[in-house]
Amino acid sequence: MNRHERYEHGMKVLEQVDGEAGQRVVDSLADVSPELGHQVVAWAFGDMYARPELPPRDRQLVTLGVLTALGGCEIELEVHVNAALNVGLTPSEISEALLHSAVYCGMPRAINATLVAKKVFGQRGLLPITNAG
Amino acid sequence: MNRHERYEHGMKVLEQVDGEAGQRVVDSLADVSPELGHQVVAWAFGDMYARPELPPRDRQLVTLGVLTALGGCEIELEVHVNAALNVGLTPSEISEALLHSAVYCGMPRAINATLVAKKVFGQRGLLPITNAG
Amino acid sequence: MNRHERYEHGMKVLEQVDGEAGQRVVDSLADVSPELGHQVVAWAFGDMYARPELPPRDRQLVTLGVLTALGGCEIELEVHVNAALNVGLTPSEISEALLHSAVYCGMPRAINATLVAKKVFGQRGLLPITNAG
Amino acid sequence: MNRHERYEHGMKVLEQVDGEAGQRVVDSLADVSPELGHQVVAWAFGDMYARPELPPRDRQLVTLGVLTALGGCEIELEVHVNAALNVGLTPSEISEALLHSAVYCGMPRAINATLVAKKVFGQRGLLPITNAG
Amino acid sequence: MNRHERYEHGMKVLEQVDGEAGQRVVDSLADVSPELGHQVVAWAFGDMYARPELPPRDRQLVTLGVLTALGGCEIELEVHVNAALNVGLTPSEISEALLHSAVYCGMPRAINATLVAKKVFGQRGLLPITNAG
Amino acid sequence: MNRHERYEHGMKVLEQVDGEAGQRVVDSLADVSPELGHQVVAWAFGDMYARPELPPRDRQLVTLGVLTALGGCEIELEVHVNAALNVGLTPSEISEALLHSAVYCGMPRAINATLVAKKVFGQRGLLPITNAG
């Protein structure tokens, strides 16, 4: 694949996984770092995410763990909570994954990530979550 | 103690230490991760904070250090600057603790934490601080 | 459950998930912080890990993401790569999860975690991994 | 130099490098931690930044790397993207430096820093950047 | 104070607080970054640590929190566990401070810091600790 | 370029920049995550590092800042201190860059990175450094 084809391939993966939320992040980079936008699409989604060695649901569990631990990634976490829902994780499973992360990166990071999840769940009419208490 | 008693015990500690600010964080979790709210109260405050091996004032000095170093914990830092005042640290001591942390985690983290402290001090009519210059 | 019963319950979970590697970490804490050892067993495994809302395989994907992102957790990552194998993740899936994390926390963290996985895979006779290229 | 002279010396460096953006951060600390403001000026700029062993342009490349990797430093990054422009880095070079950092600290940190750069570039009429795609 | 006097002043503070462990770190920097060694002594200890607004015992609680949260600071944590003992914190209080930090930065960071404390306590004949279970 | 050509292109860049140290890291991944090794070479070096928008010397200043701030990247920092020397940074400039980073990410991270630089400088007969005190 050439550069353009790699981008097109990645965009298809991004659209399936992240929907509009991912597209908005890429759009926001267009006038300041078009290459970063290209790499997010062509490399992160086209080359890496699309690999068949791990299904999307598993990838989102890893991603939720990484973004929660990093902290300060509210924009990206919003994209990836949406993505997690899109690839089949339930709100209860997402909340539980963030609760689980508290053991390893502490309560504040878990609370911050959970409040991002709350925002996304609210936007999609998924609150209150069930089966997590 | 059973699960409910552990929660009640933790809530008493939380109320003494954090007052309304802590309660608001727990409330914000109710519809998205009630178990995280439960663990903050029952485990973090009931099991851990209440241990007599270290008094609350000492715990808040450690907590200020951890939250400043982590970064991106403005919500939690606001709770814990309030808590620090509630358990007997003065505004001057809190500012100095954050200044001290600059040596170990750098100026930006210390500035960010200090601006959260400023917000809390302002809400409680404690600005300008005295005896810290 | 009382304190002792919570510990016993957590120890059963820890033994199923982490085997000897987890036990060694708890043992290493016995003379310096027995309460930290207790909390790892009773709270982290007994209260949190054992919750049915997320199966162990999913929990380990989140944990691998968190520990890779945190960095500097070689001891804990060694425990949790073992745990990941114990609960059904294949070496190929673990390597892919760590590769995936590179997108979100960068190449150095992913490399460091992968070298810990290599050590564990080597100890268990699982090198070279197959089906991951 | 005495304490006051060290401050004056640092203020001259800060004004050359950071302009108004740096001054605003120092001003914001005046009533909550005047000593932190003093140390930012007298130590960070007067003692450290002013050293001739590395020119300002090189220092800003290092600073951009550090602040991008830390995350959660939007306030400071805004100051230092301004500073980077002031000491001779072009918008294209700054964007590329942040893109480069993605390899080592991941896409989310690089995206966050790039969006801060976008804000600063926009304020200074430098969007869209040229020569970076 | 001139540069040399600031160094001498800082060295007196460092010797009181850190003893040999701090001196060894400074010595290790002599041939690669003498200025970093100078700044550790003259600025970190002479200008910052010596300020009377917070006593040494309080400073060490903050420092333990910061270093535990940062992770990957085993060398510095070894110095500062020694320092904590030197300024009056007991082994039990230090262990409890690290246990407390687990709430905010997670179990792995707390375990790692506790194992450094164990090493220092062992070197000083303070194991097993008492009154912490 | 196809997958193999991208790898070959990246390997040429890696050899120029990192020499043997980079090759050793890639080799160490061969049996556990050949795809991570491929991505380090083909993407990090071939696609990203080779871009002409920023020269190698500037890239290494950013990289030193990122790796110092991340912490726990001794393996990668060793590669990149070597790389920094290979692309024209002097030992004095590298030490100064790490000293500079102390302002933004604190003394412990700067000390740790400087001790890695010391190891590399020693291996290449460059100690003691000159012109940095």
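Lettered A, B, C, D, E and F in written order, each chain numbered from 1.
Operating definition for what follows: a contact is a pair of C-beta atoms (placed from the backbone, for glycine too) under 8 Å apart; a residue touches a chain by one contact, two chains touch by 3 or more.
The structure presented is a predicted model; accordingly, all values stated were derived computationally and were not measured.
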C-D or A-C - the one linked by more C-beta pairs in contact: A-C
Chain F against chain E, contact positions shared by both copies (same if over half, else different): different
Chain at maximum distance from chain C, centres defined as averaged CA atoms: D
Centroid distance [mean C-alpha coordinates] between chain D and chain A, Å: 29
Touching two or more other chains - residue numbers and ranges from chain E: 35, 39, 43-44, 48, 51, 66-67, 70-72, 76, 95-96, 99, 102-109, 132
Contacting residues of chain A [partner chain D, same complex]: 25, 28-36, 38-40, 44, 66-67, 70-73, 75-76
Contacting residues of chain D [partner chain C, same complex]: 102-109
Complex contacts: residues of chain E adjacent to chain D: 35, 39, 43, 47-48, 51
Residues on chain A engaged by chain C in the complex (per definition of touch): 43-44, 48-49, 51, 53-54, 58-59, 61-70, 76, 92-93, 95-97, 99-105, 131-132
Chain B partner contacts - residues on chain A that touch it in the complex: 71-72, 91, 95-96, 98-99, 102, 106-112, 114-115, 117-118, 121, 127-129, 132-133
